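In the two assemblies presented below, chain A is common to both, partnered first by chain B and then by chain C.
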Partner chain A sequence: MAERKQLHREFSEELSSLWRIAIAPSVWAIHFVASYGLAAVWCAKWSDATLLGDVSAWRVLICGASVVALGIIGWIGWKAWRQWDFLEDWDYTHPLATEEDRHEFLGHAAFLLAVLSAVGVIATTLPALLISTCT
Partner chain B sequence: MCVRRRREWNTKSGAAPHDGGMKIRTVALAGALLALAACEGGPQSALAPAGTDAAQIARIFWVMLIAAAILWIALNGLFAFVTRIHPRPISRRIAETLIIGGGIVLPLILLGTLLTWGLRAMPDQRAPGDGLTVRVGGEQWWWRVEYLPADGGPPVRSANEVRLPAGLRTDIELSAALVIHSFWIPALGGKMDMIPGRVNRMSLAPTEPGTYRGQCAEFCGLSHALMALNAVVLPADEFDAWLSAEAAEADPPDGPGADLFAREGCGGCHAIRGTEWQAQVGPDLTHVGGRTSLAAGILPMTEEALAGWIRNPDAIKPGAEMPGYDHLSPEELTTLARWLMELT
Partner chain C sequence: MTDAAAGPRPAVPRGYDADEGVTGPYPPTEEMLAEPIPEEVRQAQEDRLREVWKEPPGWRYLSAVNNSEIGKWYSLTAFGFMLLAGILALVMRAQLAVPDNDLISANRYNQFFTMHGSAMMFLFAVPMFEAISILILPAFLGARDMPFPRLSAYGFWCFVIGGVFVMGSLLFDAAPDAGWFMYPPLSTKQGGIGADIWLLGLSFIEVASIAAAVELIVGVLKCRPPGMRVNLMPLYAWYVLVVGGMILFAFPPLIAGDFLFELERGFDWPFFDPERGGDPLLWQHLFWIFGHPEVYIIFLPSIAIAAMVVPTAAGRPIVGYSWIVLSAVGTGFISFGLWVHHMFTTGLPTISLGFFSAASEAVVIPTGIQLFAFVATLMVGRVTLSLPLLWIAGGLAIFTAGGLTGVMVAIAPFDWQVHDTYFVVAHLHYTLFGGMVLPVIGGVTYFYPFFTKKQMSRRLGLWSFWLTVVGFNITFLPMHLTGLWGMPRRVFTYPGGLGWDWLNLLSTAGSVIVAAGILIFAWDLIRPKGREPLTERNPWGGGTLEWSHDVPEEKWGVRSVPYITSRYPLWDQDKIVERMDAGRYYLPDAEEGHRETLVTSVIDARPLQVLRVTGPAWITMAAAAFTGGAFIFPTFHMYPPAIVSGALAILCVIYWLWTSTAQIPEKSTKDIGLGLSVPTYVSGPRAVGWWGMWITMLGDSTAFASLVFGVFFYWTAGTDFPPADAAHVDWRWSLMAGALGLAAWAAILLARTTNRGGRPLPAAAIAGAGAVAGALAIWAFITALRLPGLNPTSHVYPAMMWALGVWTIAHLGAGIIMLLYCAAALIFGKATPTHDAPMWNVSLYWHFMALTVTVTVLVTAFLPRGL
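Let's look at the complex of A and B:
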């Protein structure tokens, strides 16, 4: 019984780490769907609308969404980087089945996912930056 | 260890164990290179560009190919180095540098640069034209073609051949009747789908006068592979003269040919402007004799080919909607074909 309680406590402590792992890819996924959906609907309904001078509104909106998404991913990435070296002892390896190594491993995984998500968001934004027209 | 074992095999058998495989691969590679070389200069080759857009695409192809080859050689070279030439443990620091540098940073920079550079070309492929618009409609399995002159004159209807002025950019509007087709003249530019119910826009800026071959590039039914077209690029002044002639009504001679056309009900599907026949079911025949090919790019425009087509279109293009006229005598078929050839 005591062992189960101990396990439960250990996993509860990592709840925030699991959120940290999930947030960056989720932001990427939401940004992806929103960008493609926005471009498709906007171009079908209001292709002539502009913002910031004569730039197509959908391009401005997608780029704005990218800045917000990269901000969130960057913040998560920074937190994950800190978690990877939780005790700030310059130890970036985590091979043991200890609480500390598990915590640092989850930080490592979250950091790598944040990097991947940032690359994904940038790749999704490139067409909006470089392809200027709806047609 | 591996190296030594392979050498032992070599000494025993006198040949590498996969010698046959190597030969097949070498032959396949040589064949592929020959096929590639054969593409060079053909009328339907993206590697022999005759227009601004195709030149841009060819350049992208070569740069991407060279970049891929460099990456492939570098990666395999590195692999050979660590497994064959220098098969010793390496420090963790070097290993991590290789993995992060070679596996994350380098591909990110290289692929990011190539992607950005490739994407930048896309708007150019749809740049606004200089005035002339050509509407192309995909049918099973032929092309409706309509020219909207730059001066706002009435549309000029034609079929199964596209003529374009060299040195000018022409807007192309693409649509389709029943199924998806794709419009592609590799020597002039990129490909774009033709979708029923919508109009897709692209533009082409040919630079070299000549005749190039286009091909439907999206499976569209039984005779998809037989749905081609010739794209004839003319110097701008010649093009203007041709378009004026194409816009004119036909002046078909009276006689047995015209009588056959009327008697067999050809006018129920085909139009010849300047006559009572104005149906739009099949290709417009107003200046059919002046085209460079017959049956959407698959036959030469000759009397014999035309007679053969009228006799049994299904034998030439399986599934074609046009009925066969094999009840006509060879003389009647020749007469009808000769009369159609006079519509220039």
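Let's look at the complex of A and C:
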């Protein structure tokens, strides 16, 4: 569709995209809302359902979601690390007006955000690991 | 480093054919830039530019829309509201100085603390960010103006009208008095008009905030100077982008909350009334989904100012540019996962508290990173202890103290102890004073030479700084103890002998010292400086583009739009200011006598278009006044005048769009200098208007999502949603409404393609048919709600169904107007097969409408039957 093509041109030049830096934090956000919503709904409606023996079902589900989220973030972080390509030129400032610096800058920012998002997902998982009951 | 990228044009990147309509060499070579401009050409260009950008004389000055004027008015107005809110705080401190005081009554005290909080948040902190950004962002970006000057003006006038209305209620003893977060059931059950004034007045100002966010985001993405790739943007621009995005996701939930709230106050729909299935906690959720990100919406722009002042003071580039971008973006995201920490004592399940406690601790990481980056920059640079840096340093020290108490209150059991005590009052003032007030004063001191071409006094500044900082700590440090010793916030007086007496007296004494400090600053800000010499052009030795400003002042923004190859062009790019002044760069002239600015691509800032921006106008003011009427009349339950006012506001906006946006230019491309020729008209994703629509609709969808969240919230929170014997929305009519809505969507897409195919009149007919389908969709939605006899006052379930219906119907109404606008534009030649920006923008609106209509049908007619 014409609109999509124009959009693509507008947002991404070469292999860089501004959106990509927001993916990892978005995964954190979705995971966060899902965990909160899942626990709230589950505790309100089916508080005694269990999985894997006698563990509350919502705890298992949240931990499962965390594994998935960390997997996605890890993959994004790996791609961003490759885009940053730090070990090639040891550049972490990217101050030049070149395609390479812009490309590596976006990779660098996306990588750092992936690390932060992973920490965020782990933080969100802790309550589900440590708190065993709804109330 | 001189023009690192100057050289042969790099190979065309993958996925990119040459930009449509852009011809000529780019980027410019050093030889091209070194070519001199004849003096008489330069003079003639300057005269034309000056003529085009001059402000209207005399009383017509008020019709100005230029960013420098609007920004100045906006920031001074916000500062004025801050002083008023500060006076309220002083009266409250006087009342609390001694136990059992009767200086003011409990009722008046309630009004004062409510208005102090509301005004500081809604009339000072957020508008101040918008005002300062409107004022300085174009200068950072070497742009002539913001992309939508009249939208800024509209936002400003909305802000003035709403602010005066809300603050004015204090004079009639009718001000809101239920606290700045307006918790129901107190606020929904109480009589009087205070709560209505708060709701409608502030909703109106929220509209202005969203308008500013749209303007600023588009400004950062599309109005950067050629060559300023995303890795070269000033950090301030990064922060503006993040904060603009946050406003889009934070304000709409509050607007949705206000919508429900006013339906309850005005029409007795029981959203927050537990007796009829409602739940006051929904308001708390919606308010704090807004309220917590708002703290960061206030804090990040002030940190952004620090990110501009610190490198200048250190005389070197910022350390950790990527890390600061990380922390801005990361804080922006995580700040949305904190809202429930304001609700730790409401009896939510502990597991819910756990998630929010965890996120509240996690947000410390990105917040801390940026502070360390500043400290690192100062450590490795050669620091000049300028007055602005002093303010910034003092602010960050105070903010850090507030951050540490924040870590404490983020732990739920600690919060249970200090909730609603003076400990929290101390915490929030440490974060807001340190994170906003002091850095902003530092920023004003720093940018003052840019704003006024004069300097502020260093002596007065030092007095002001030390009085404010010392007074602040005398006021608020003891409050931690007052709170731990059990004094609740928001009490108008207290008995003696509880150990609170001397602490309160100390705080009151401190508040007077703060007031003295702020007054000295205010005096220095406005005292006449007619006899003082003009400032140097770059008094602090900054490296960013705003210091290429003209002294004495010129209204054109930049003389010519430079080609940028560095984060600090004034430090790194040889002769850049000289060449800008000479008109050696882009857009040095205004041959056609129009105000113009350059539009560039999002990532690499390649020139794409010359955008004609609008000039002085009264219509924006009229639109703001009528919008004000539409919000203010309902406060007094005067609905017919409100409807008339709303209709007139819509007419004003249509007139404004029709007469001044997407005008078809005389020629399709324009030579912008250095041999480069770019289009004068673009449509779709390359046009700023399309971006404005896209961003607005993102915010609008967030508000809609908040209403849908309400449905799920009621379902989880209670057992009677929907009630066992409830009547449901008629699914057949609902389905028909959905189909008609989607037909209208299809119509605009078909109309756009037909028009592109060279047949504007059939396209107009299709758009008209779409409008008819839209009108039928409204009728079908109303029938689907009315037929089963859903009574919105009986229970929250029918009320929620109606609320979703009303939302969708109102949006369909707007969509119909847009379709008719397109049809008219095609018929009267305002849009043609090659000039079709309105068609693209309206299609985009209808993409969002298709989503809204579909979700509404599913959530009202189908989902409840399965619950």
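We adopt the following convention: the second predicted complex is superposed on the first by the 111 of 135 C-alpha atoms of A that agree within 3 Å, B and C clash if a C-alpha of one lies under 4 Å from a C-alpha of the other, contacts with A are read in each partner's own complex, and residues count from 1 in each chain.
Simple rule for what comes next: a residue touches a chain if its C-beta (ideal position, glycine included) is under 8 Å from a C-beta of that chain, and two chains touch if they have at least 3 such contacts.
As the structure is a prediction and not an experimental result, all values here were calculated from the model.
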Touching A:Ser35 in the superposition: chain B (first), chain C (second), both, neither? second
The answer to whether chain B or chain C touches more of chain A is C
Under the stated touch criterion, which partner chain does A:Leu96 make contact with: chain B (first), chain C (second), both, or neither? second
Looking at A:Ala123, would you say it contacts chain B, chain C, both, or neither? Reply first, second, both or neither. both
Which parts of chain A are touched by chain B and by chain C alike? 119, 123, 126-127, 130-131, 133, 135
Chain C residues touching chain A - in the complex, by the definition given at the top: 4-5, 10, 13-16, 227, 229-232, 317, 321-323, 325-326, 329-330, 333-334, 336-337, 349-352, 354-359, 361-362, 365-366, 564-567, 601-604, 684-686, 712, 716-717, 840, 843
So in the complex, which bits of chain B are touching chain A? 104, 108, 112, 115-116, 119-120, 122-123, 126, 201
Touching chain B in the complex: which residues of chain A? 115, 119, 122-123, 126-127, 130-133, 135
Please name which positions on chain A make contact with chain C in the complex. 2-3, 6-18, 21-22, 25-26, 28-29, 32, 35-37, 39-41, 43-45, 58, 92-99, 101-102, 105-106, 108-109, 112-113, 116-117, 119-120, 123-124, 126-128, 130-131, 133-135
